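Shared chain: subunit A. Partners: subunit B in the first complex, subunit C in the second.
Right after this comes the complex of A and B.
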């Protein structure tokens, strides 16, 4: 789109215009606040698992987005980016039949029993943030 | 609609500026905090994928290394080459995926489109639907690129948004906002700053910031 004059900032009169919650273009929003953080190791792992499993054909980027969009605005407001991603990647892997809900539940119980922190439970050799 | 909570409330996380990551950002504290449900899900998912033979620990590490090795410095090299080499610039504007591959960057199957800033036109990129970003040339997107305020507002009041980034555009400059999709993404080629006629590609690339390739800043002027 082209913009030559955007002095007005009027919100849409209605949001019952057929758009879904994630379709945010042109809606209201607060001020832009620059954030400057790198991602945690667990978040990079979620991203890496998405890249690996989608590259190997277990699901597509459309499947990833379908789950993210179906989570609805509440998830967008209350969960972090990679929290939403882990849910979506996991859901797509369940649907592809790589592992079952039963296997996931058993594994999560096993992981939780290992300790209190991510470092303990992920069984990473050290408590550092990098893998090298 | 409520505002994005991430946006306003995660700046009070204390961090030291010692021990910056490879990309120059402070690390988020994660390993020593109590395990969250979602972190548990990541561990479980990863271990199941390894047990099932879908991936290996090594492959996950390698993939993260690849992600970490990408940074805006890659995009800056492409921009500097375009400023110096008219033939490359023509190839870049015709097919940014192919021109970037020519410089050794892995673009995958992505359709990448370069949009060029001139004296009359200023381009800025967004993904209103999610967070699509030219990662292959810029690395991870900044948090604000993925959040509501930027996605919602930049397509409607781009000048006001750019002003918040400290970029004031003259009224006679046309602003073009490009909305990305998963398969088709944009990179802004900022205008070459004045007074750079004698700089080589390496020196020019140092003037090209991440934000200038998103379109929320200009390329820096030489010292």
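Right after this comes the complex of A and C.
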């Protein structure tokens, strides 16, 4: 046994050389979380968006991974899996010129104006009262 | 129908078995998107088989034109990877590593 234990040291959050934070093979990982869970509708849509846009050739899974890695370890503490995915998909679509930031901003405002819930959105812009 | 036993490639005998092709993984640590895990950098392994060629993910990740490179499945012993910390030193681990990360051992 040695008194040094370099391979279990947590690497710095950001660094310009050496092992990057996401390259975790061989580090102490702690317990495995075995929660079973279902996915929300928006999460399924993010997954579908990634499949559709990468199939169209706008980016590859490598581009998806690159953005996830570049977010840094803080993102893995504060954002859920598909929150990180949608950030990465958006970054890749901006880089490949599918839309501009201005177009994205306008679309986000348009979508936000529909309302806060799927129910509101289904009313096609009215105040959310049920027509039934 | 009985399952056929695994056989060697037709006409091949033990004496024809090729010498293992030993390679060392590069120790370089550039900061970008890399598929070669850090824990294997600098380690020596045996090429188990060659796959591909496939487009280089280090270029695909940035949306630039990507070269097609051989991808090798490289076999390492746990003792090579973890040294004295290996729980089962003779166990094997295989990783798929692109050709530009590997140098034939004879070249050293």
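Please note the rule applied: the second predicted complex is superposed on the first by the 100 of 132 C-alpha atoms of A that agree within 3 Å, B and C clash if a C-alpha of one lies under 4 Å from a C-alpha of the other, contacts with A are read in each partner's own complex, and residues count from 1 in each chain.
Keep in mind that, in the parts below, a contact is a pair of C-beta atoms (placed from the backbone, for glycine too) under 8 Å apart; a residue touches a chain by one contact, two chains touch by 3 or more.
This one's a predicted model, so the numbers in the text were calculated from it and none came from an experiment.
Contact with subunit B, but none with subunit C, is seen for A:53 once the two complexes are overlaid on the shared chain. Set side by side, subunit B and subunit C differ in how many residues of subunit A they touch, and the one touching more is B. With both structures placed on the common chain, the touch criterion links A:26 to subunit B and to subunit C. When the shared chain is aligned, subunit B comes close enough to touch A:89, but subunit C does not. Once chain A of one complex is fitted onto chain A of the other, the partner contacts of A:103 are limited to subunit B, with no touch recorded for subunit C.
In the superposed model, A:65 makes contact with both subunit B and subunit C. Overlap of the subunit B and subunit C contact sets on subunit A: residues 1-2, 15, 23, 25-26, 62, 65.
Of all residues in subunit C, only 29-34, 37-40, 57-58, 60-63, 81-82, 84-85 touch subunit A in the complex they form.
On the subunit A side of its complex with subunit C, the touching residues are 1-2, 7, 15-20, 23, 25-26, 59-60, 62-63, 65-66, 69, 92, 95-96. Residue ranges of subunit B in contact with subunit A, taken from their complex: 1-8, 10-11, 13, 15, 21, 23, 25-28, 30-36, 38-49, 52, 54-55, 59-61, 63-65, 67-68, 126, 128-131, 140, 142-144, 146, 148-153, 155-161, 164-165, 171, 174-177, 179, 182-183.
Listed in rising order, the residues of subunit A touching subunit B in the complex are 1-6, 8-9, 15, 22-49, 51-53, 56, 58, 61-62, 65, 68, 73, 76-83, 86-87, 89-90, 93, 98-99, 103-104, 107-108, 110-112, 115-122, 124, 127-132.
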